[in-house]
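Just so it is clear, A, B, C, D and E label the chains in written order, and each chain counts residues from 1 on its own.
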Amino acid sequence: MSPWQAGLLLAFDLTLVLTLLGVAWQLLRGVNLFRSVVLFIAFGLLLSLAWVRLQAPDVALAEAAIGAGVTGALLLVALGRLRRMASGRHGGEGS
Amino acid sequence: MITENLVGEIYLVCGALLFVLGVHALVVRPHLLVKVLAVNIMGSGVFMVLLTAASGPDLIDPVPHALVITGIVVAVCASAVALALMLKVRAATGQARLPSEAPED
Amino acid sequence: MPIAGLTGGLSWAALIVIVPLVGALLTGLWPRAGGWVALVVALLTLGTTLGGALHVWWQGPEIHALGGWEAPLGIALVLDGLAAFMLLLTSVVGLFVTLYALGYVGRQERSGRFWVLWLWLWAAMNALYLSGDVFNLYVTLELVVLASVALVALASGGPALVASMRYLLLSLLGSLAYLMGVALLYGAYGALDLITLAEQVTPGHLLMMVAALMTVGLMAKTALFPLHGWLAPGHGSAPAAASPILSALVVKVSFYLMLRLWLTLFPDLATPALGVLMGGLGGAAVIWGGIMAMAADRLKPFVAYSTVAQVGYLALFFPFMLAVPGGWRAVVFFAAAHACAKATVFMAAGTLQRAAGHDRMSELADVMRGRPISSFAMGIAGAGLVGLPFTGGFIAKWLLVETAIAGDVWPWAVVVVVGGLLAGAYVFRLLGPAFLAGRGSPGRPIAGIMEWSTLGMALVSIALGFAGAASLQLLDATVTGPGGL
Amino acid sequence: MSRPRLSHVLTSLLAGALGVALVLILLELPAHSGLAEPVTEAMDRSGVGHEVTAVLLNFRGYDTFLELAVLLLAVWVAWSLGRQDPVPARSVRGPVLRGTLRHLVPVAVLTGGYLVWVGASTTGGAFQGGAVLGAAGVMLVLARPRSLPRVPRLGLRFVVALGVLVFLASGVGGLLGGHGFMGYHPDWAYALIVAVELAAAVSIGLGLVLLFLGGRVQGDDDDH
Amino acid sequence: MEPGGFLLVIILMTSLVPGLVIFFLREQQFALRTFFNLGGAGLKLALIISLLVGVYRDGKTYSFTLNLLPGIDLVLAADALSLLFATLSAVLWLVTTIYAIGYLEHSPKRSRFFGFFSLCVSATVGIAFSGNLVTMLIFYEILTLATWPLVVHRGTPDSFRAGRIYLAYTLIGGAVLLAAVVWLTVLAGSQDFTAGGYLRDLYPEHEWALPLLFVMFVVGFGVKAALLPLHSWLPRAMVAPAPVSALLHAVAVVKAGAFGIVRVMNDVYGIQLAADMGMTLPLMGLAILTVLYGSVRALFTQDLKRRLAFSTVSQVSYIIIGVALAGPVGAVGGLVHLVHQGVMKITLFFCAGNFAETLGIHRIEEMRGVGRRMPWTMAAFTLGGLGMIGAPPMAGFITKWYLGMGALEVGQGWVIGVLLVSSLLNAAYFLPPILAGWFGRPQHHWSQDRFRDGLLETHWMLLLPTLAVAAMALGMGLLASLSISPLYWVTFIVEFEYGYEHIWRAVFEEVDP
């Protein structure tokens, strides 16, 4: 591996890590729940990219399918149910 | 070699920070859905440390990979239960927060 | 310590895991037969556990390499004195709770859920006690958490659900902190097997961090002061058949794990300052729980606060571990004595609650008089909580005070004695009304087995009063780290 | 959150301190290859060619077994929490989406099966395959919420427990055969592992769908 | 373990098993309950007599050991002192049971009452037979547990207040005792009671720990013995039914405390070591204060039972004085009072119960002329009262005589003055009710008047036990020189304790010229 290739990869790693942290920070602020959930799914996908970089393709596959996919779906459906409860009974819940 | 180490260290630091971010949000954020997200972020941090810590210089250690796959499934199960419980709490109490942490508004 | 290996052929350790697991699967398939499956499973589990304990007693610890893969590659089941003792405790309490639940949930609608969750919890606890691998312990811990959270949440109503949510989140935080510790251990030593790790760990920053992460995480699950907030509402509002399980057994699970880790991995990290800190937290729990119990006005939260107080004693293993070799055994015995007494009190409380239709302590006197068997059992258990003789509680209190004095850490003896007096005060508050003049009325009809199983459980806590020497001998056959506490 | 509470500030400080300490300690970690060597040595006795699968299904099969148990238990917990609203409230309309789904689901099933199959020798395996199956199931549910075939309750419970059941049977077989609980006879290892993986993938897929549905499926109850 | 050891266990069981069975009997099962009560009491007495025969005639030793924890055994053993206390308990239990059956006729919750009553006696006999401190602690705590329900038996707010105070005192006392026993076990191991004590060799090493422990023991046992600052539960506990008061004061609780102090003095520390540590004189001072304080309080109390209670506070401390004199003659006086006070005080309480049950008399001034309506009870009361004063030839006289001689023997002659003052006080509070009872002008009508129809002045189950214990109190004084008297027995114990061969003769000749 040539030095500039290594440097490029390093830059990629740094960018990925910083993006992960940024996305995590944003989604955990919890200002808008729907945005948080969408960001979480994005986070999962980025994470599986990180797993690939860490030479763990099995984990990457599992993360993409389960961590991002299924968990994301679970979160979305839970959020939908929350909203429906809010509109059904109360007024301003689920912001 | 230096870069190889550096790459590991970048991910180690990232794992630790994700873990800490999750802990912080889990304690501070009132909404249960965000708490569930926080638990997942914490878990991701731990997985990252686990995967990175044992990736040696030449041989790839498959054991952490297996552990993390197991961990991911456990995490999704825990999240599913937590979300279902959250909905029950919401239905019973009218809010998806823990009572002592109810917001001021 | 000589370790009798027993890899091939039948293994007690494997059987102890398999039997309740099969039960859990069967109830999952046919929930309507749950009660009978549970009863058979309870008896079989008690049988296998007894077999395993006798094996340890006669031949020493059994280490079963799963799949034939020796550590560090594979996972080992470790059946040693400590594990056998906890397993035996679980089986005995489990048997009586099962009998009780046969009466309690018997013909209720949707009783199947209870049986499935309870047997899963039982299987998970057995698996946890036997696991000798730090990551596998994490998985079993999650099983325990999910099942016990669901048991709390079986009771509908806001407080129970909020409590179970709180419990779940705190548990997940604890589990992940524990898992971070596992990751650090693996990163530093490349092993997950407890015994292998015990031989390799060296004191240092890393190990301290691991110990801190794991201990704090498990403290939250054990509800050690000041992380006790979830316990009283959770255990207090859970269904009557679940409360004894949670208070008597589940709390002890994370305590066991904490003890196990300190005995094998962290013995060199124990310092007097840590002992003072943890013991101090325990003492604060004893006092705080006692005061809250004095102030409670409903029966089940009252009993739950008593658990908060009694869990405080568990923290004494830190100072004792340092002070006296084998001093931790006193605390383990205490855990058993508390489990038997607390299970009885919760079972009796459930009976009274159902008979009276409420659990306001000030209005329970009639039912207490009208249900002498439950009240009598509660009396025996109360004596156990206070530490009066011929109960396991007395022996436990004796051991705790003796260890504190022999180890020259006598302030903890004061804590134990004062805690006993506080317990006396609140148990008096619990039982006193039964002696007030007035008519007794048995209240609503109750399945007889609920009362008799409660009495049986109470008798176990008396039997434990005579099992002190045998228990300590069994606990001697415990696999510890090279530090050898 | 306009007024940050004292406890929150404290939490932030504590979390920060924890983070700094963690980072400092992590950077001191020695470099080593963990259990890579023992795994490599034992590969030829594992019955499969892919290391991760060997660890998951053989060396640390007990972990995986308990993990399947966690999933099964989670389904039961969700059931025990009672009924949730059906998902989604209204079924997805439009011929395009339905048509897509009609083609997508078989593809997903095939993909899932393939992933399980190749897991023995390369990247892939029961979890990934199961997850794909689960995703397909979720899509089916989303598309046709009211017209799910009525599955007999026992059948449903049986299929979701299938992974654990097969794994347990194989594990007890190992115990009786003298290879230890969760062990395999070396000659049978490959076949057994594939069988366990297939069963596990089906259970995982169904389990994930059930978790997605949350609570009891509309209109039925396990005890009645 | 000697094969005979099981006899001790069976003796315990003769009250424990009936007690447990009685709990589960229904209220209406009067005959069965009475059968268990009297059967257990009779059997226990018979077994204790056979034990006495075995020990004294055949020279057997009895002991039973059960391992509780490594190095810590539950030990039951029969030596002379334990037999003294056990016999006292067994005899008085039988009598009190009969009395209680009569007393509680038709009152509610009898099964519960007799259940705990039997447990209480089991605990007392357990204390008597305790072969080491751990065993004694165990039964001592059981006693606390078993007596509380009896104190609150009436279930009134008043009795609850008394019960709470009783529990607070005794639980704290028990906690102090637990700490002391554990500490001593850590220092010296769990050793059996040994005549002359077993701590002498440890004293140089633990110069401050052993005296501190001694204080803790005195506090722990002193609560039940109602030593001065720890006495106030006792008068309050008078709300309990008469048989309970009788048994609490005469045998079970108060005597258990005193017995414990005697054991610690004689068989753990040894008199000599206790004296060397400078512990006996303060203890005696405390006991004397208690004697005087109790008497003065009794004098100013108009409620009959409360007066008797303060009298108990005062009288029990005679036992402590006797032991704390640290001389053989004084020890005889103290120990014999263990028995004498028990019999006399139970007589008085039975009488008070008879008055209350039959005529509704609760206060001293209501006793005027009661002697004409109930001459037999009044006679018994007179005997008990005179005994307490210490008038010859009653049993109380023997006690005071020995205490005085013992004081002279160890050169503490001033104690005689204390005895005189206390006797005067005793007279001052016992003579007025006696005189009023016989010579006062009878009231026109009592607040109630029951049991008039029969031949006897009151229910036979109330009267006969009263007369029996009164006769015993008289007999113990009159027949003190016989070889079955408590005095003879106590002298034997003290001889053994002090290792004197011929103290019996010396002492005997001094008192009986």
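Basically, a contact is a pair of C-beta atoms (placed from the backbone, for glycine too) under 8 Å apart; a residue touches a chain by one contact, two chains touch by 3 or more.
What you see is a predicted model; the values in this text were computed from it and never measured.
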Practice task
Could you work out how many touching-chain steps separate chain D from chain E at minimum?
Solution key: 2
Handout entry: Chains partitioned by contact, chain C not counted
Key = A, B, D | E
Completion exercise
Min distance from chain CA centroid to global CA centroid: chain C
Handout entry: Interchain centroid distance [CA atoms averaged], chain A/chain C, Å
Key = 38
Exercise for the section: Take the average of all CA coordinates in chain A, do the same for chain B, and state the distance between these two points in whole angstrom. Expected result: 11
Practice task
Calculate how many whole Å lie between the centre of chain B and the centre of chain E, each centre taken as the average of the chain's C-alpha atoms.
Solution key: 69
Problem - Geometric centre distance via CA averages, chain E-chain A, whole Å - result: 79
Exercise for the section: Specify, in ascending order, the residues of chain B that touch 2 or more different other chains. Expected result: 13, 17, 19, 21-24, 49, 52-54, 60-61, 63-65, 67, 69-70, 72-74, 76-78, 80-81, 83-88
Handout entry: chain C, residues touching no fewer than two other chains
Key = 135, 139, 142, 146, 149-150, 153, 156, 180, 184, 186-188, 190
Completion exercise
Residues in chain D with touches to at least two other chains are numbered 22, 26, 29, 32-35, 39, 52, 59-60, 63, 67, 70, 73-74, 77, 81-82, 84, 125, 127, 208, 211-212, 214
Problem - Those chain pairs that satisfy the touch definition - result: A-B, A-D, B-C, B-D, C-D, C-E
Fill in the blank from the handout: Per the touch rule above, chain B residues touching chain C in the complex are 19, 22-23, 26, 32, 35, 39, 42-43, 45-46, 49-50, 52-54, 61, 63-64, 67, 70-71, 74, 77-78, 81-82, 85-86, 88-89, 92-93, 98-99
Handout entry: Residues on chain D engaged by chain C in the complex (per definition of touch)
Key = 21-22, 24-26, 28-30, 32-35, 38-39, 42, 58-63, 66-67, 69-70, 72-74, 76-77, 79-82, 154, 157-158, 161, 164-165, 168, 172, 174-175, 178-184, 221-223
Completion exercise
The answer for chain D against chain B in the complex is residues 1, 3, 8, 11-12, 15-16, 18-19, 22-23, 26-27, 29, 31-37, 39-40, 51-52, 54-56, 59-60, 63-64, 67, 70-71, 73-74, 77-78, 81-82, 84, 125, 127, 204, 208, 211-212, 214-215
Completion exercise
The residues of chain E that touch chain C in their complex are 23-24, 66-70, 72, 137-139, 141-142, 144-145, 149, 152-156, 160, 163-164, 167, 171-172, 175, 178-179, 182-183, 185-186
Handout entry: Of all residues in chain A, those that touch chain D in their complex
Key = 57-58, 61-62, 65-66, 69-70, 73-74, 77-78, 80-81, 84
